[in-house]
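The structures come next, written out as structure tokens.
There are two complexes below, and they share chain A, which is joined by chain B in the first and by chain C in the second.
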Partner chain A sequence: MKARQTSFRAFLHDARTGSAPFGYLLVGPLVLWLVITIAIPLIYAVYVGFTDAGIIGTEADFIGFENYATVLGDAEFRSAFGRSLIWAVGGAVVQTVLAFATALALNQAFRGRRFARTWIILSWIIPTIVIAILWRWMLNASYGIANFFVTTLGISETPIDFLGSPKWALPTVIMINAWRWFPFLALLILAGLQSIPGELYEAAKVDGANATQRFFNITMPQLQPVLYVVGLIGTLWAFNIFDVIWLLTQGGPSGATQTLPVMIYDRAFNGFAMGEASAISVLLCAFLLIFSVLYIMFVPAGESDTEVF
Partner chain B sequence: MGYAVRQGFRYAVVVVVLGIVIVPFLWVFLASFRPNSELIQQGIGINFDTLTLDNYRDLQQAAQYFTYLANSAIVAVSSMVVSITLALLAAYSVYRTRYPGRRPLYLALIITYVFPGVVLLIPLYQLMGKVGLINNLLSLVIVNVTFTAPFSVWLMRGFFGAIPAGIEEAAAIDGAGRMRILFSIVLPLTAPGIAAAAIFSFVWSWTEYMFASAFIVDEGKKTLPVGLGAFIQQYNIDWGILTAAAVATAVPVIVVFAFIGRYFVEGLTAGAEK
Partner chain C sequence: MTKRNVVDARMLGGMSRREFLKIGGAGLAGAVLLGVAGCGGGGEEGAGGKVQLTLWHQEQPPNRVQQFQKVIDAFNKSQDQFQVRQQVQNWEDAYQKTTSAIQAGSQPDLQFTIPDFTVAIKQTGAVQPVADIVEEINSSHPFLENAIQPYRYEGDTWAVPLFGMIQMLWYRKDMFEAAGLDPESPPKDWDELGEYSEKLTSGDKYGIGITSSKHLYTDQEFYTFMITNGGKELFAEDGSVTFDTPNNVDTLAFYNDLSRFSPPGSNSWTWAEPQAAFNNGTLAMAIEKGQFLGPFEEESGRPASDLGVAPVPWPPDGERGSIYYSNAAMLLTDEEEKKEAAKEFLKFVLEPKNYADLLLGEPGLFLPVTQDGASPAWKDSEVLSKYPEAVNLMVEQSKYGYLFGFTRDKIPQGIGQISAENLLSQVVQKAIVEGDSPEAAVAWGQQEMQSAAS
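Right, the complex of A and B next:
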């Protein structure tokens, strides 16, 4: 034991800092942590998906692919999947546009820039529950301030029940989530913008490139390493968002905002169909995994400083 | 002339975007001081004569606010410390050392976000039950680290990339050991990145709702979002107490951010500047 300790100390003192065992040793704790909290629970979820488990923690029998057959034949599952796609794609478009506009504006020099750069993130730092209370009140059909503007400005004769009508609920929830996340995305893009050497723009100006050309030929390619990772993680995050929807609408009205994570939660904790919920979970993970693999294979990573991508 | 117009346009964009983010919150902040009878009337007029602290008094009587606050602080700070420690070591490993399997490992870290929290909720609940961590704040720290550490690794990338090549070798030649190099050379150079990742972890943990609502049962162990979240059902349309609860939940993190917020932005951007 003594000898082992000494050799471990000698190992930490070893001058060859870049050596392989040291690299493994440093990343090891995080990997172990993720294996215990993600890999093991996931294997368990896969197992539960093959059983008829009802309420959490009860005995269950192995029923093979029956849950998968039930789920895939369930119209509710297919519409929830479609809704998840609309949620992710719609949200991504709105957020990207807002975030780019914000990042480009914040990248300029102006008085009060530090204040703007700090507090733009307000909607991201406040808890989801606050966002739910805030928007539920402001979007209320009878006395919400949003409807004051809707009716006084003549956008609609009658008040719009933003969160309560099947037609409006999904777009509304998408907008609220975009409102919450676009500042964070904007700051990540801003960070990318700041890493672009100013000389590139100077040279392009000298060569007579206009603002649009500079954006597409310098800004976008230079941002690629950031956009690559943010595009991947952001999509995965978006797909998996649960709390905003749950606190705003609980998936309603009549399922209008029921995305896959909401459906999983509802099946597991309100429908007491743990087996089915797990089967849906596995299908969702499989879909996201395939998406990620295709993304990594086909989306250009751009050149990165760190040579990791 | 063209310059003035463009500068004006930039200001307009900044003001509009900041307004979109901040004004709704100010409106709710103001609402929390208005009597409920006014909050269920339409209109943008505010009667400044009727402003009151009643909503906060009701809130204080209905909820163990300071208990929730303390729990949230414990969870957020602990999650942040653990997350940053693991992420820092991992970031040094994937960005500054070379070994077989490094790139797949890095991709695997990023891909952890493939697995939805809600998917892990069920098995993690059972796992926590088995090890007796249900109703224990430690269970929340454990899941928060899982969801914050991988992204924190990526947030620090710019700073590790900016460390001059060969600085570790130079220190090693001078006789510094590996841990010494990590703590006295790498740590200071990456400090702003660590700050950004720390704030990211803190905010994520502070706002986390789903796991906290499932793992914690006791009133005395609840975090702020969960403790006051119960109000949404309970006080359905009592907007006075609800808006007061919203403000009381948001203010602590806003106060913290007022002090450290600028490091978040600097930490995200500074490492990448050329």
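Right, the complex of A and C next:
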């Protein structure tokens, strides 16, 4: 207690003297901006969740927890939540496998490595709307190039409606999103790989370790801090992705790709149920908060916890 | 130099704190000024003191935007009080963009609309009554009754009709011939429609485009079938939902059956896809509005004479009809000057000599809503002159046009939500995509519509 009081007193002292006031002056406008653009809308959204708000801007009455009761009892909400989990986990697995393979390849010396390292990010920098148009075109069941290969190579006798079939739509959208984001992940992993001292691998070779043993006993532990951060931030990001799903399928066909963010948007702006949509977004936020806390508490951060947080 | 100053200087890239504050302060002030300048100006006085009128519309194709601009430029040049500028939106997010803009106070002054959209936006309180404008125009250029009727309720009129759209059966005469069918005898009833669809489906050719995506297009196509089978009334006289009927169950069953002859991918079709399939020779028949006329020759590589058009077939105990949209302009400003500007602009647009230019934004799709609108300038234009029979048929079919929820004098409030949620297409998806029985799908639709309407 005394230590805390001392450090708080020290904080107050620094706030009034030294370089701290200048530092606060520099970050002040940004903090104010964050309060205006994030905190206030967030608090307002929580409030709207307790009202029967319909179309945005119309009058609404306070109804307590009625929206939460409605949403939690709604099978559509539970389905969307389940789909969000599949989306997040499925995407994480695919992206991680692709990113790891790419990073390991880019970590080798080969001709054109610099070119590859530069242009690997192409899918990541293309705007989402362009990606959606390209993939809708390529996957079109009537004239898309994907089905040209599917039918020509005998994979299927009839074209596959990748985005229009309930069976294929979600895996397809997961793959497209993974294609989009894995370069970013690959670059993070590559940076981690390049920071691993080469002596560790040499010593392991001298001790007779094979490639698999070196990977699991040196590479993976050394990458743990990177994977820890990527796992947390990547999961939070993935859960909140809306744009690529909406542009490709609008949550269809028949709700097959309706994740929670899509459901929130649809409920708010097409269903004219802003109150319910706000309640769903608060529930999603609460879930992600609990996930983050549990993740930080139980997932090992790597060699040194303080290096990460 | 003290240790603190050294630290500060390193932080500030070698500058002193005073220099940094001067430069930083000047930069911040400049950014604020730029922001204020950017935020200012939403329809106030423009160049030369003219009253600015902002028009939003959802007709995105470049040819339409260009043609609208021609009309707007002509209006702006014709007088020196008002200036109109257009801003293009899209139907996919029109509901949320418009309501958000109204909430922010940055809505347009005038916006193109369809009846169910007007009902939804009216809930925000921003839609202004325009009975006076409609009456004034009507005295010189009488409107078609089914163009005004969807906007007349609660003792007033809520938008000024601009152009109509009607669905027809479009068919490829060359593909009919190739399949051994008479190209001058399109199907007249449901039996023939099913029979022809099957005959025209072979290999990579398909008989008819039956869309089943969660999209306004599906709403429209399915509703057209509903009309022909006695299902045009979605609501009873007392405002209750009457969707779950034996006729609608039969309609959905037939629609589902026809979907066997539709190209793969029609589960996820959006606007231009059926037309693309029709023009590239994949699809022999499609039920859509008149935009098929304009690009047919160029995109299909076939002569105009290969494009056939007919009323949508109806069953023996059904009736002729198809979905009809009266597109209009709704007023979202209560400023008197801008109301005057909007009135003058709309009067200008509906003058026959200017009206033809507006309608030619999409020849064949935009149909006149005034009795004198079918002028020679419109009918004898480059595209429409090649399809005189089609033009006359569409004008004729407009008399049998209906729109779900707007078939009675009283407009149910829930229709805005039913349309925004594409509930009709969701019913179609239940049957075609999820495999539910037509009875179960229609029952589900009834429940959802009741919930939306309550």
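Note that the second predicted complex is superposed on the first by the 270 of 309 C-alpha atoms of A that agree within 3 Å, B and C clash if a C-alpha of one lies under 4 Å from a C-alpha of the other, contacts with A are read in each partner's own complex, and residues count from 1 in each chain.
By definition in this document, a contact is a pair of C-beta atoms (placed from the backbone, for glycine too) under 8 Å apart; a residue touches a chain by one contact, two chains touch by 3 or more.
The model shown is predicted, which means the values in this text are computed figures rather than measured ones.
Of the two partner chains placed around the shared chain by superposition, chain C is the only one that A:Asn270 touches, whereas chain B remains out of contact. In the superposition on chain A, A:Gly54 makes contact with chain C only, while chain B stays out of contact range.
By the document's definition of touching, of the two partners only chain B reaches A:Ser278; chain C does not.
When the two structures are aligned on the shared chain, A:Gly252 is found in touch with chain C, with no touch to chain B. By the document's definition of touching, of the two partners only chain C reaches A:Leu163; chain B does not.
In the superposition on chain A, contact is made by A:Tyr143 with both chain B and chain C.
By the document's definition of touching, of the two partners only chain B reaches A:Val27; chain C does not. In the superposed three-chain model, the partner touching more residues of chain A is B, compared with the other of chain B and chain C. Within the superposed three-chain model, A:Ala204 lies out of touch with both chain B and chain C [touch as defined at top]. Shared interface residues of chain A, touching chain B in one complex and chain C in the other, are 18-19, 22, 29, 56-57, 136, 142-143, 147, 268.
Taken together, the chain A residues at the contact with chain B in this complex read 12-27, 29-31, 33-34, 37-38, 40-42, 44-45, 48, 56-57, 98, 101-102, 104-106, 108, 110, 114, 116-130, 132-138, 142-145, 147-148, 179, 183, 187-188, 190-192, 194-197, 229, 232-233, 236-237, 239-240, 242-243, 246-247, 261, 264-265, 268, 274, 277-278, 281, 284-285, 288-289, 292, 296, 304-306, 308. On the side of chain B, the complex with chain A involves touching residues 7, 10-11, 13-14, 17-18, 20-22, 24-25, 27-28, 31, 39-44, 86-87, 89-90, 92-100, 102-103, 105-107, 109-127, 129, 142-143, 145-146, 149-151, 153-154, 157-158, 160-162, 168-169, 172-173, 177-179, 181, 203, 206-207, 209-210, 224-226, 228-229, 232, 239, 242-243, 245-247, 249-250, 253-254, 257, 261-262, 264-265, 268-269, 272-274. The residues of chain A lying in touch with chain C in their complex are 18-19, 22, 29, 54-58, 136, 140-143, 147, 158-159, 161, 163-166, 249-254, 266, 268-272. On the side of chain C, the complex with chain A involves touching residues 4, 7-8, 17, 28, 93, 95-96, 99-100, 102-103, 120, 123-125, 212-214, 263-268, 277, 280, 282, 416-417, 420-422, 426, 429-430, 433-434.
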